[in-house]
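Below you'll find the structures, each written out as structure tokens.
Common to both upcoming complexes is subunit A, partnered first by subunit B, then by subunit C.
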Partner chain A sequence: MGIMEGLISGFLQAISLAVFPYLLIGAVFGLIIGVIPGLSGHFAMAMVIPFLYSMEPGAGIAFLLGAHSTVAQGGGLTAIFFSTPGTGQNAATLLDGSPMRNNGLGAMAAGAALTSCFLGATFGAAALALLLPVLQKVVLFFGPAEIFVLAFLALTFVAVLGKEDITRSLIAALLGLLLAMIGLDNVTNQERFTFGLLELRDGLELVPVILGLFAVAEMFELWVSGGSLTGSQTSPLSVKETQSQIFRGMIEAFKRWWLILRCSSIGTAMGLIPGLGSAPAAFIAYGHAKQTSKHKETFGKGNIEGVIGSEAANDAVEGGALASTVAFGVPGSSSMAILLSALFVLGQETGPKMLTQHVDVVFIMIFTIIIGNFIGMVGGAFLVNPLSRLTGLRGSLLVPVLIAIVFTGAFAVQRSWFDIGIALLFGVIGYLMKELDYSRAALLIGFVLGFAVEKNLYLATQLSGPYFLFDPIPLTLAIITIAFLAYNTWSIIRHRGEVNEDAG
Partner chain B sequence: MRVGVRTLSIAALLSIGACSEPAGYPNKDITIVIPFNSGGGFDTYVRALAPGLERHLPNAINVLPKNLPGAGGRRGASEIFRSKPDGYTIGIFNMPGVLIPQLQNIPTSYELSQVTWLGTLGYDPYIYAVRGDSPLKSIEDVSELQRSVTYGATGPGSTSYVATNIVNERLGIPYEIITGYTGSSGYLLGLVRGDFDAALLSQSVARSYLESGDIRALAIFGSESSDPDVADADDLGAPELGQLRVVRMMGAPPDLPEDIRIMLEEALLASMQDQEFRVWLETTGNDVHPAGAAETEAAVSEMTQFYDQFKQLLD
Partner chain C sequence: MTGTRIVGQAKRIGLVWLLAIFALTACEPVEQEGPPKTGAAAFYDGRIIKWIIPYSPGGGYDEYGRMIAPFLEKYTGARVDILNLPGAGGMRGVNELFNSADDGLTIGTMNGSALVMNELAGMRGADYKVTEFEYLGRVVADARVFVISLDSGYTSFEDIWRKGKEVKIGATGLGGSTYVDAVIVNEALDMELDIIHGFDSSSVVRQAMLRGNIVGTWGSWGSALDAVDEGRDKIILQSGKQRAPDLPDVPTAFEMAAKTRNPERAMAILNAWESLHAVGRPVAVPPGTNPERVAFLSEALDSALHDPELLAIAKSTGRPINHASAEGMRQIVTEATEMRDDIRQLFVRAIQGEL
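Let's turn to the complex of A and B:
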């Protein structure tokens, strides 16, 4: 089947009566799962799988991916209104989303987030479609050496995120790298820092760590400080004001199309490389938005560009992650691993066969992502008003409910009671870090990328010896990394000089 | 007196509870523990089988799959082993994945020789694969190479790593294993990219890449070869290597009452013959090799003996 033929057939199937209703139900379901803290796309898809046994492939794929594609949109709303990432990937959104809410601009942030998600997803899906003819070559291009250097480049973004206090950021990032080492070492088969616990053998699970660092920590703070999430601002916005803010947010997002385009490219590229994942993508995009902004100093205090950048990258990741999943059956993210098994249930084989004989199935996925995110954007806009009203509730009412939901989310990933303990522990760590002004984002980036950096460094040295860095592609990437680091170090030193002059 | 009344009322409640349940096993839902996340072969097979089990067991109860991923299947195996032997918790074991740690004397909270085996769903043979355009055309070519052959695998102690060790030691091929890839699809990608010479892949992972020509099979272990260009264990003069395969076995905690075991075994075998399940196999290109409890038990002890003789290669 040719690509044009596949495109048309995929589109017609996606909007047909046999498929579209499932897409709609899936998208709305995903949105709701996303709003609930801790329940991620991973979870939404796992819940859908049992239904697939009796479904046609097209409908099943639309149902599953529809549910998955809107989760980040719902999660963004939770990040903005409850300072709690609805899913792991939304942790970056709350850096500027929740300050905007405190400034009374929550609905505007929500409008911008929903729209950026939709635009980012469309970009990622379109990129996947354009890459189809060369997809296998693109995926094969990234060997261990290349992934190592790219992961390292991503790691250097810590320097941008924590520019204001580079020492503290480095401490946090190194702590993250250390945490990534917990578990079985694949090369030597040694267990590291597991204390003989079977639960730690596979390393720390990402979701309970993120929930602890951001959600549980927030609950602790609310509990300690009392009052409500909105703080002093007592009267919630009127319905009319909320609506007008949503539209203004949407317009703001469209106005910053160039930023969305750049952050979507970052997201798509990070999705393409297996093992980097979507949580760091949003932080890297956030770092990029901050780096290139004219108003760097307002980041973290409610800059709409921070929300737009991270949310655009969030949903652009999926297009990229689908690429390696479809081309080689190598899942680009944990949810893609579930998609793979769902395709198996539906009797679809990924890999070369899908690209040559079932290209229409790939296009059903592409259109499902785009249409699903559009549904998510419209549906999400209706959720803004009720959610913003909830934030006015007293902390003593809100905290117990949210804590229960968050712990359920931590448990659900692996059905593990141990993970609830992990969430609680990282809640304490996250609270202390927030109070003492250490960057939780830096810790998370170190933690997530630590795996990729270490594993691929091992593989690259085993494959091409200690001088693998001097091969052309890794060398080019390494030079970019060094240049990037040098520029940032220089600007930090210059900035420090300015501050000293001001002081003097 | 008061205590007496309370005891009586509790007794009354209990008897009402007992009366409302249908007589005999099973009278409540049965849980099937799957030691992996939703996804992958183990999960899909169990989920496709569950409706059949419900049909073939007396009384209207549900059969509920429960995913307990972690530690390469050991967490799930422990959970099954430690459950009450009442027939309401059964599970699927990945062999030899959960067997190898036991032979390495890693402390495990299960003992496979005590498990009440119910039956086997089937197995997945190992394919000895090279890249599609590799100059190596047969295992003979490989053994005539004047250097160490390089292989990719996940990590030491993993089933693929152990299988690679056993094949090369048995066939006397000098070799080197590059470890650290994530999952079988990870080193499959490495093989296609040309990171190393060859790899042992399970057939289900390799299938579509063999068809597309991205990789080529030189040998198959754990099943007879139907292709003259692909050698099997017998062709290589090492019939015992036929033991190298991933097997999906169903089991229950030790000391399961015999009548319940028979009921479960029969339901399992019957549901694998169901029209609905057969259609699912057909459309998804999967297959089963059903075996009963006695055969499964024999297979476990045979497999244990096989891996035991290669004990020094396990880690």
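Let's turn to the complex of A and C:
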């Protein structure tokens, strides 16, 4: 089957009556899962699998992937309205989303977030479609040496996130790297920093850490400061005002198509790299949006570009993450592993056979992501009004409910009481960091990328010896990293000079 | 066919949902019609069996559990709820099972060979005794195979047998099954292949094979199938005392033992290795469970694993069933735990990464 033929057949199947209803149900289901903190796309897919045994392949894929694709959209809404990332990948959205809500622009942020998600996902899916002829080569591009250098490059974005106070950012990032060391080391089989606790043997789980740092910390703040989530805004917005804000947000997102394009590219590229996941992609895109913005100083205080950049990236990851699954039947993430086993249940061949003989199935996936996100955008817009009304509630009413939901989310990942303690502990850490002006984003980037940097450095030296950095591709990437760092260092020094001159 | 099954599934999913969101064990007895039941059958009728899976949703262990659960419901009359308890390399869920109430309402799957090894090595966190569980039977024991990428230029085991460190083979974490297989066979067959461990998962190992970073890896037969069918990889050695019916042209490690420097020792190591693999993925209940209920459950598992409908699903989804009875399981576990001292030392060193 040719690619064009597959494209048309895939599209017709995706919108056919046998498939589309499942896509719709899946997308709505994913949206709701996303709104609930702690429940992720991985979880949504695992819940859907038992239904697949009695389903047709096209319908099953649409159901499963539809549920997975809208999770980030639901999670973005929770991040904006409740300062609680619905899923790990929405943590970056919160940095500017919740200040916007405090400024009375919550619905606008939501409109922009939903639209950016849709556009980002469409970009990622389209990139996957365009790469199909060379997909196998693209996937094999990333070995341990390349991943090491790329993860290191991503790590240097910490410098951008905390330009105003580089010392504090570095402290936060290094703390993140240290936290990544906790657990059983794959290489030496030694337990590190586990304090003899069996629960720490597998390291810190990402979801409770994110929920603690961002959600629980916000709850503390709300509890300490009193009032409601809407801050100084006393009366909630009228339905009409909310609607007009949503539309304005959507238009703002479309206006910034160039930013969306760049952040989606970051997301798609990070999706291609196995094992990085979408949380760092959103933060890197956030850093990029800040780096290139004309109004850097308003980031963190409610700049819509921060919301658009991170939401575009976290959904663009999908297209990239599908690549190795489609090209070789080798899953790049835990969600993709579930997708792969689901394809098996549905009786589909994966890997090269799928590319040559069933390319229409690949296009069903691609169109499912696009259409699913469109449904998520429209469906999400209907959730904005009820959610934004809730934010007007007094903190003393809202905090206990949200804390209960957040702790349940932390518990649900591994059914572990210990993880609730982790969420609480990181809530305290997150609150202190926010009060003392340390970057929580830098800590999270350090935490997530610490694994990737360390493991791939070890593998690269084992496979290619200590001079692996001088192989052509890693060398090129390393030069880019150094150039990026040099530019940032220079601009920090220059910035300091200006400040000093102003002072003088 | 499946109206009731789907409803059953929907109910189960709904429950897992509730569990996850509210951490509540909401119960709702299932009404069933039919002749009055007696003994264990009467006890289980309408009850809820909690099935502990010591790995995350979506993994191989989870898939097996979710595939079998509806059939276990059919033969017990109870509702079976899957409870994923991942962590500590599968030990967390098994510790939980070991300490659960012995009322016969909690059952669990385990990663047999890894758990036996962890206990033998006295690993921290191994707070169970494999010999004290009551076994209901075994679901499957994977054949282990040594698979290489054909792009490497090698085509048979003889090609790489006497090669040294220049042949790199991949493995996941130190002490993981792909790693233990590789070092144990290295040791038994006097090989000096370079074992690169530390890959995140078997998927990442496969990717390194595709890139040509490594020549091959040990793994389960099922997971190697796809790439072999596509003509990219080749299985060059298999576990098992006899060649598997599906792999008539692939030599077993045992066949190679005779050509080593010390065939007697090689055979002893391989025998121990084999008896560990035979443990496979058993289903067990906590120690001290009422024998009548154990007998009822093992019979139900036996019937479920021989149900033609389940076998059809298993076949079409590439998840082989390789049932061993409760009685057979007891023997297998005894054999696996009774190792010669020097061999036990060898395995302990292997999982601790000292080989």
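Just so it is clear, the second predicted complex is superposed on the first by the 500 of 504 C-alpha atoms of A that agree within 3 Å, B and C clash if a C-alpha of one lies under 4 Å from a C-alpha of the other, contacts with A are read in each partner's own complex, and residues count from 1 in each chain.
The rule is short, and it goes like this: contacts are C-beta pairs under 8 Å (C-beta built on N, C-alpha and C of every residue); 3 or more make two chains touch, one makes a residue touch a chain.
Nothing here was measured: the structure is a model prediction, and the numbers come from that model.
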Worksheet entry | Three-chain arrangement built on subunit A, subunit B and subunit C clash or fit | clash
Worksheet item: Which holds for A:G351: it touches subunit B only (first), subunit C only (second), both, or neither?
Response: both
Worksheet item: After lining up the shared chain so the two structures overlap, which partner does A:P21 touch, if you call subunit B first and subunit C second: first, second, both or neither?
Response: neither
Discussion item. After the superposition on A, what does A:F51 contact: first (subunit B), second (subunit C), both or neither?
Written reply: second
Item to complete: Report for A:Q414: first if it touches subunit B alone, second if subunit C alone, otherwise both or neither.
Response: both
Fill in: Common ground on subunit A, meaning residues reached by subunit C in one complex and by subunit B in the other
46, 49-50, 53, 139-140, 143-144, 184, 186-189, 198-199, 201-202, 274-275, 328-331, 337-338, 341, 344-345, 347, 350-353, 414-416, 455, 458-459, 462-463
Response to the item:
The answer for subunit C against subunit A in the complex is residues 2, 5-6, 9, 12-13, 16-17, 20-23, 56-60, 62-63, 66, 83-89, 91-92, 124-125, 168, 172-175, 196-200, 203-204, 206-208, 210-211, 213-214, 226-227, 230, 313, 316-318, 352-353
Worksheet item: For subunit A, which residues are in contact with subunit C within the complex?
Response: 36, 39, 42-43, 45-47, 49-51, 53-54, 139-140, 143-144, 184, 186-189, 191, 198-199, 201-202, 274-275, 324, 328-332, 334, 337-338, 341, 344-345, 347, 350-353, 408, 411-412, 414-416, 455, 458-459, 462-463
Worksheet entry | Residue ranges of subunit A touching subunit B (in the complex, touch as defined) | 46, 49-50, 53, 139-140, 143-144, 184-189, 198-199, 201-202, 274-275, 328-331, 337-338, 340-342, 344-347, 349-353, 356, 414-416, 455, 458-459, 462-463
Worksheet, complete the sentence: Touching subunit A in the complex, subunit B uses residues 37-41, 43-44, 47-48, 51, 66-71, 74-75, 78, 154-157, 178-183, 185-186, 188-190, 192-193, 195-196, 205, 207-209, 211-212, 214, 280, 283-285, 315
